[in-house]
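As structure tokens, here come the structures.
Next come two complexes built around chain A: one with chain B, the other with chain C.
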Partner chain A sequence: MSQVIFFIAAIGAVAGAIGVVTMRNPFYSVLALIVHLVSLAALFLLLRAEFVAAAQVVVYAGAVMVLYVFVVAYVGGGEQVPAGAVLRVLGPLFGLALVIELWIAILGSALKGISSKGAPYRLGFGTPQHIGSLFLTKYLFPFEIASILLLVAAVGAVVLARRRRGLEPPGEAFELQIRAPRPAYTGTMAEGADTNPAADSPSVEEIVEQLAGPTDGPRSGGGW
Partner chain B sequence: MAIGWYLTVSALIFAIGATGVLTHRNPLVILLCLELMLNGANLALVAFARMWGGEDGQIFALIVMLVAAAEVTIGLGLIVAIYRRQLPVDVDELNELQG
Partner chain C sequence: MIAFADVNYFEPWWVQIIKSIVIFAVIFAMLPILIVYERKLLGRFQARYGPNRVGPFGLLQPLAEIVKFAMKEPFRTATSIGFLYRIAPVIAIVTAVGALAIIPFGGVQHVFGQRVGLYGIDVSIGPLYVFALAGISFYGIMLGGWASGSKYAFLGAMRGAAQLISYEVSQSLALVGVIITAQTLSLTGIVHAQQGLWFFIPQFAGFLIYLVASFAETNRAPFDLLEADTEIIGYFTEYGGTPFVAYLFAEYANMIVVSAIAVTLFFGGWLLPFGLHPPGWVDPIVVVAKIILVFTFFIWVRTTLPRLRYDQLMSFGWKILLPLATLNLLVTAIIVVT
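Showing the complex of A and B:
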């Protein structure tokens, strides 16, 4: 029974991986990667790694893939441009050489454990309880480093993807919005002080510059 | 199933991912193929954990997943920033940081 599940999951994982590489549209590549990840979670379950399998489905196939789908939808993806002629031939050849080399290294190593079914099963192997106690005792330091890494990544992503001032010059609509005459009794400060706002107020260009920063300053070419 | 089968599959997934990294020019797809390579390594780690009967390999696999999530976040942030600047989303064109 476990052999049938292994072959179904392995074929799913490899087919998903091939789908990621060969699909023309990045959106379909993301969907193929989800198939791959779920099949891989089944393989993890066969290896008695229950917690890793659950994390794979929840974190990877759930959260990370949603992020991918959003970015593909935002950027558009479009048609993929294939690589140059040299890489298009050499890439698969390199992959083939790599897999043959790895297979020779793995199967030719004559390790006794590789041809066995693994160590005898201990009760509770791979459960959240064991993983959690390892994380909080033996691997406490990597655990803390990992949380700091996640924090840095989250802050970094926000900094990288934020909208920069001066990236786009304020358009016509913004200027018109300022220039538009306000109806009487709209409650502006100028009305309250009973002055004529048009007489000594700064010009529209100055207001735009104050609000949106210098339009031809050093940052206008993009804020990198 | 013997552990060797799992290692075979993991090597195959890793090589497919490496092929994808080499043959694509869209950074989004290159990130996806990097995920494939990391997942191949993860499968090997979990298989070795099963072989030795210790959970240390699974801890490794979890931390690899976490690093992959961080890498994806930064990579997608970079792609969004590139797209906002209306630069081509193509790794062959984006060579200004090259030496």
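Showing the complex of A and C:
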């Protein structure tokens, strides 16, 4: 049973990864990436790492990819810009470098796991309690460093967004309230209480006049 | 301590299959009942009768409606993307049903000489499982709106998705307070920790935050901007017939899940107050009764409160609910540690 699930998840992961780079439509690329991430979560589940699997789905498939989908759905799907000459040379070079690096890493571990049955399952492995205590004892320093990195990124995002906002004029000029008196007996609560909240505000004609500015005679062009 | 999740793996495989079938059948039998219950109750709240024509007391109304929906001609817009358009409601309903698996209807009991836990599976990650599925269910809405090939459905889906991810944060933070108090993630463990005092008393702020966020997560009034019947259109504008029913059922299944999580985490699951200890077979009935009570509260709120504007919804979620949830978490952590 676990072999069947493993192969389904593994095929999903590989197919998703291939889909990300081969799809022409960016929206489909993002969807393929989601398939890839969910398949990875299934593989984590097979390894009894329940918390990591849930975190994978909640954080990556559920939160990060949502933003990708938002951006791509709003602005994506436009004209595909053909890659420049520099990119066309550099792209395969970097890809090749990455492949070599990966092979060194894989062969460097001498593939010990293939011929053995792997580490035995210990009770409590991969549970949130186990991972939490490791984070706060053995891996406290990397954990804190990663937190600070994320904090810096968040603050940086806020700062960048604020700077962009500062150039715009304040939006107060667009707010205009016309408090016009309603016709009598239209059943407002104010009427029931025998008050008229708009009694001392200027009439509609006055406001329109004020907005239109000084006019010389009847307006000739435009209008509603 | 042995996690409850590990106990569960000792059940034979056929028990797990029977359990999943029973849970699925019971919940799906509940859905039409809840729909007609809601409509009857809505009618009473609004001083009218509600459905009372089909069957005795109008009880067969959902059956008639399902027949009506199933008989409809399947259609889709010419601009829609067929594959995604078909798969989107499936994602919505699969994730909604999948979340039902961890709802505990009772502890481990002896059924015909067999030790059976009255829940689908007691995962060690508990509520995180629900949030993982909620994260996926978002794509049901998103793809439905996008693949419809209609601007209005697309905008509705975008707005709905923004609402969902905004309130999911507060919802999960509100539950972390309970988890810290119970000191376990296993849902049965949380219920056992509530013996004596249900968590909605020590975690009252967390309970309120969870409730409000749940209204937004399940697209219920006063946050039902996704499907505000009278004014705007949502992600399922281009859907009709059975795919539309799938979305509807997913929404109601989500409401059951949210109510059941509230019952489990805040109202003591299958526990009863006043020192009552009924025999084991009563436990699922207690849980279902509590779920229906929470569901009734949902309907009550729906008839009472007016709908929020979209900017109000967003500023409320991010500026009020999220800081409150964070504060609740901090205070709970300090109380538990000291």
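Please note the rule applied: the second predicted complex is superposed on the first by the 121 of 224 C-alpha atoms of A that agree within 3 Å, B and C clash if a C-alpha of one lies under 4 Å from a C-alpha of the other, contacts with A are read in each partner's own complex, and residues count from 1 in each chain.
Everything that follows uses one rule, which is that contacts are C-beta pairs under 8 Å (C-beta built on N, C-alpha and C of every residue); 3 or more make two chains touch, one makes a residue touch a chain.
Bear in mind that the values here come from a model prediction, so they are computed numbers and not experimental data.
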| item | value |
| --- | --- |
| Touched partner set for A:L150, first chain B, second chain C, both or neither | first |
| Broader residue contact with chain A after superposition on the shared chain, chain B or chain C | B |
| First (chain B), second (chain C), both or neither touched by A:Y74 | both |
| Touched partner set for A:G62, first chain B, second chain C, both or neither | second |
| First, second, both or neither for A:F51, with chain B first and chain C second | both |
| Touched partner set for A:Y139, first chain B, second chain C, both or neither | first |
| Touched partner set for A:V38, first chain B, second chain C, both or neither | second |
| Those residues of chain A which chain B touches in one complex and chain C touches in the other | 51, 55, 63, 74 |
| Residues of chain A defined as touching chain B within the complex | 2-3, 6, 10, 13-14, 17-18, 20-21, 26, 29-30, 33, 36-37, 40, 43-44, 46-49, 51-52, 55-56, 59-60, 63-64, 67-68, 71-72, 74-75, 77, 80-84, 87-88, 90-92, 94-96, 98-99, 102-103, 106-107, 113-120, 122, 125-126, 130-131, 134-135, 138-139, 142, 146, 149-150, 152-154, 156-161, 163-164, 167, 222, 224 |
| Complex contact set, residues of chain C against chain A | 2-3, 5-6, 84, 123-125, 128-129, 131-132, 134-136, 138-139, 142-143, 146, 154, 158, 161-162, 165, 168, 185 |
| Chain A-facing residues of chain B, complex | 1-9, 11-20, 22-26, 28-29, 31-33, 35-36, 39, 42-43, 46-47, 49-56, 58-59, 61-63, 65-74, 76-81, 83-85, 89-90, 92 |
| For the chain A and chain C complex, residues of the former touching the latter | 27, 31, 34, 38, 41, 50-51, 53-55, 57-58, 61-63, 66, 69-70, 73-74, 123-124, 127-128 |
